[in-house]
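I've put the structures underneath this note.
After this come two complexes, each holding chain A, first together with chain B and then together with chain C.
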Partner chain A sequence: MKDMNTFEQFFYYLSENGVYVLSQFFQHFLTSIYGVLLAALIGIPIGILIAKYYKISNIVISIANIIQTIPALAMLAILMLGMGLGRPTVIVAVFLYSLLPIIKNTYTGIMNINRDLIDAGKGMGMTRSQVLRMIELPLSLSVIIGGIRIALVVAIGVTAIGAFIGAGGLGDIIIRGTNATNGTAIILAGAIPTALMAVLADIVLSLIERKLDPMKRQQKRTA
Partner chain B sequence: MLKIEHLSKVYRGGKKAVDDMNIEIEKGEFVVFIGTSGSGKTTALRMINRMIEPTSGVISLDGENLMKKNPVALRRSIGYVIQQIGLMPHMTIRENITLVPKLLKWSKDKKDDKANQLINLVDLPHNYLDLYPSQLSGGQQQRIGVLRALAADQDIILMDEPFGALDPITRDTLQDLMKDLQQRLGKTVVFVTHDMDEAIKLADRICIMHNGQVVQYDTPDNILAAPANEFVREFIGSHRLIQTKPSAKLVDDVMIKPATISLERDLEEAILVMVKKRVDTLFVVDSKERLKGMVTIEDITPNRDGQSTVSDVMHKDIYAVHTGTKLQDSVRRILRRNLSNIPVIDHEQHLVGLVTRANIVDIVYDTIWGEEVAE
Partner chain C sequence: MKKLALLACSVLLILAGCSGKNAVEEGEEISIASAATTESAITAYIVKGMIEHYNDQDVKMINNLGTGVTLHQAMVNGDANISTARYTGTDLIGVLQEDPMKDPKKVTEKVQRLMSERFQQHYFNSYGFENTYAFMVTEETAKKYNLKKVSDLKKIADEVKVGIDTSWMTREGDGYKAFAKEYGFKFADIFPMQIGLVYDALAAGKMDVILGYTTDGRISSYNLVTLQDDRQFFPPYDATLIATEALLKAQPDVKETLDKLQGKISTEQMQKLNYEADNDLIEPAIVAERFLEDNNYFEGGK
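After this line comes the complex of A and B, so read on.
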């Protein structure tokens, strides 16, 4: 080991512990996804609701904003007091961080739809739920996916810190590296996959986001 | 018959947008609400399909009180066209046209048939059905907006300044289209505008509103001949009042016999006819005297190879008016579209006459010196 440089050590570690890194990669990914999905499940309906009753929108968005300002480590520590160690605590933390981008983008997406379209839809005899299903959701879908994209990237970072309270994931490998003497290669073996995951999630979701944008879809057809 | 009785709308703070409105609209009638902004015309229109709930009063259709109907079902049975067009950007033209049939859960075949049938009405190619609204021009979009209001065979169509945002020539074309569709399909149309020319051109009856009240409700001719009060006189504008004298004339009174040629003749013959009749334009008719197109001397010169017939070089897309049209309207079109003349056809497309720029001279003469002197 001693005669290898950091780079060679990194590849050596990966070849020796590839299965372990891969399993941590998936655990990390799933922890992030669970938290974001949970936030989408609750955040999107809240966003729709505050777009309808926009008087409460300020209060709801302020609360989500305050949650966002709490540092990740502090958040995990606070949650740990109530929920103990382990993965569920990290999922809840991810959930809380994901709420703001998802609620805010859903709200903005719906509020930015041209009022004339809603007027035309209502005037043609759409019920409120049809206006939501046939006009508001299709037209704001790409903005909502944009919110999920931001949430997922943040979530991957929060999950890495979650290793401190025993949630596993790639953060585990990073912590192991910091504890070992000359552990640079081990740190990299945790950090590089984490970064890769965040970048990939961002690219994939931005592709989906673009695909769902009704305006961009038309330009493609014209070309 | 659509009956509006004691209809009022009072907004919070006590502002009366519509104040005790009482009018009756016959089936198949084209009624135009006109007034300055804030006169309550749009509010009155939007109360018919209950986009705005009236404070008091009753609107009934053939004796049935619309205020007791389910508003969603009511709106599906009434066509609605707005100035901003409001086509759904994420749906194709076909989906946009058949939106109300979709809400009414028609079968797919029935919806497709309807879309194909409707697109024929407005002279747009069938492949437009698969385009998205942003790929169409403003005028084309509003044609689709009009079709959307016809898709579920609605008997009543509400139009809120539908052509206000279009350029004058497109607006003129769409007005003609709308009037034609309304007459052909027998629809009842309630139309809001602030453009008096548009109102006079389209309306069977005009409802002039001011401060939420109906000032005068009558045919355009009666309003122009006898404005109810100073406000109406001012609103119509004095230049239109004067115009009413010559406008009593119909195209039938002044039209001349046009020079014609039949479809299968060749271009040499066309030139001979032009020379004989001393004209530069010939109207092309088929064996039953139906108008098919027009050839001018400019079309013939580059095509003199001895092979072409007039049907090869003629302009097919020409503008014609029906018999019984007011002379004043035809002359306005000559000026606005910079045409040299307009053929007059009857309801079976037979060519019966021609209105020319010489008629403009007559009108100007009549307006300035009066008809007695002109005789």
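After this line comes the complex of A and C, so read on.
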């Protein structure tokens, strides 16, 4: 192995262990997605709620802010005490980190809707749930997706650290690289797919975000 | 406001549902814990491969845990019900908090009895290899100072840089303190680091002497010289696996599968497997799979 440079070693490693890297890639991706979906499931309703009762919005957002300031490794260590090792703990950590961007973006999205539109809806005799479903949610959807996008990119990074508490994923490969003789290539084989995943997730979600932007949609229709 | 309270309650319920007694603790699901060493990972994947081959069951892995003591914690907490690789010496001193003993047979016997009594865990017989601590130097250093035994280090203890495993520094019984007492000297410059880094540090000339593991594949790849433990300071470290008795009771055929591994891997073989993973850049999962296929999953107890 010593006659190869790091670059050659990297490709040699991928050719020898491609299937393994791919399986870790998907496990990593799923762990991140589960956490973010769970956060969306709970964060979006909270965001809608605090947009309605905006007196409590300060409290909720500052709690989410505080969660965000805890370093990932410390968060995992704290959660580990209560939940033990393995994937569920990392999913909960990802969930907690995803709350702030999702809640905040949902809140901002709904608060920024033109009041006149909502008044027009109410004037037409819409019920509160109709206003929510037909005006507020469609108009703020792209901002909410923007929040999910931020959350997912952060989640992919947090999941990589999750390998320290036995969650598997690409972080596993990185840690192994620090243990091997010619570890650089192995570290790269774990780090590059992780970065790639984050960039891809960002691009795909930004495309969706742009597609759902009501201003853009309108322009298309008139064009 | 009512809705908010309802929401908070449901979040708490979801979190609460995650803890509590689980399928792993009761032995219905299998979860293997392994430490952050290559050897631990390879043996864990060997055990996983064996169980999947014979018992047709999905196995969860918890990789990269810190030390043997962390593995024990994972089993006591119910996160895992099998852990590997475990070493008799580590468990005797680190987990059971007993005094060090030198006779390998007596150590195995005592650890097996006490682990069952205190923690309801079944300590299997060894895989057949031993992975003990040893001081190592490069060939040049050995020649320069004429080093053969650990006692020979005494005359250069003040001038060398020594790289050691982080856990050995604070370990009771067979750690650095006890070592200094037994051999009668201390090193001036000592650098605790992750065990995987010491071999590279030695080969790169950053360290002069290291404390490494005897089964590491890099010993042969870097041509390192192992110094003889002339005072028999380090207790025996026979490698094996542990399973909870709850698991073996719930699934007796898993025990049959795991018994097949006893005495099947020699120290040289383990060095070779470690070398494949550490030097040839093959993942432990794949090394283990090839090893099992080459040996036909130890079919018929051969």
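Here is the rule we use: the second predicted complex is superposed on the first by the 219 of 223 C-alpha atoms of A that agree within 3 Å, B and C clash if a C-alpha of one lies under 4 Å from a C-alpha of the other, contacts with A are read in each partner's own complex, and residues count from 1 in each chain.
Throughout what follows, a contact is a pair of C-beta atoms (placed from the backbone, for glycine too) under 8 Å apart; a residue touches a chain by one contact, two chains touch by 3 or more.
All values derive from a computational prediction rather than experimental measurement.
**Q** Aligned on chain A, chain B and chain C: do they clash or fit?
**A** By the criteria stated at the top, chain C and chain B fit after superposition, with no clash.
**Q** Treating the CA centre of chain A as the corner point, state the angle out to chain B and chain C, nearest 10°.
**A** The angle comes out at 170 degrees.
**Q** When the two structures are laid over each other on chain A, which of chain B and chain C touches more residues of chain A?
**A** C
**Q** Determine, under the contact definition given at the top, whether A:L117 touches first (chain B), second (chain C), both, or neither.
**A** first
**Q** Under the stated touch criterion, which partner chain does A:M126 make contact with: chain B (first), chain C (second), both, or neither?
**A** In the superposition, A:M126 contacts chain B only.
**Q** Based on the superposed arrangement, let me know which partner A:G18 touches: chain B (first), chain C (second), both, or neither?
**A** neither
**Q** I want to verify one number: the closest Cα approach of chain B to chain C after the superposition, in Å.
**A** Nearest C-alpha atoms of the two chains are 23 Å apart.
**Q** Starting from the residues of chain A touching chain B, keep only those that also touch chain C in the other complex, and list them.
**A** Looking at chain A, the two contact sets are disjoint.
**Q** In the complex, go through chain B and note every residue touching chain A.
**A** Chain B residues touching chain A: 49, 51, 72-77, 80, 82, 84-90, 99-100, 103, 131-132, 134-135, 148, 158.
**Q** Looking at the complex, which residues from chain A come into contact with chain C?
**A** Residues 1, 9, 12-13, 16-17, 20, 42, 45-46, 49, 53, 56, 82-86, 88, 92, 163-166, 168, 172-173, 175-176, 178-183, 185-186.
**Q** Note which residues of chain A are touching chain B in the complex, please.
**A** So the residues of chain A in touch with chain B come to 114, 116-117, 119-127, 130, 134-135, 138-139, 214-215, 217-218, 221-222.
**Q** With touch defined as at the start, can you tell me which chain C residues reach chain A in the complex?
**A** 1, 3-4, 7, 11, 15, 18-19, 31, 33, 36-38, 41, 60-65, 74, 77-80, 194-197, 199-200, 217-218, 221-222, 277-286
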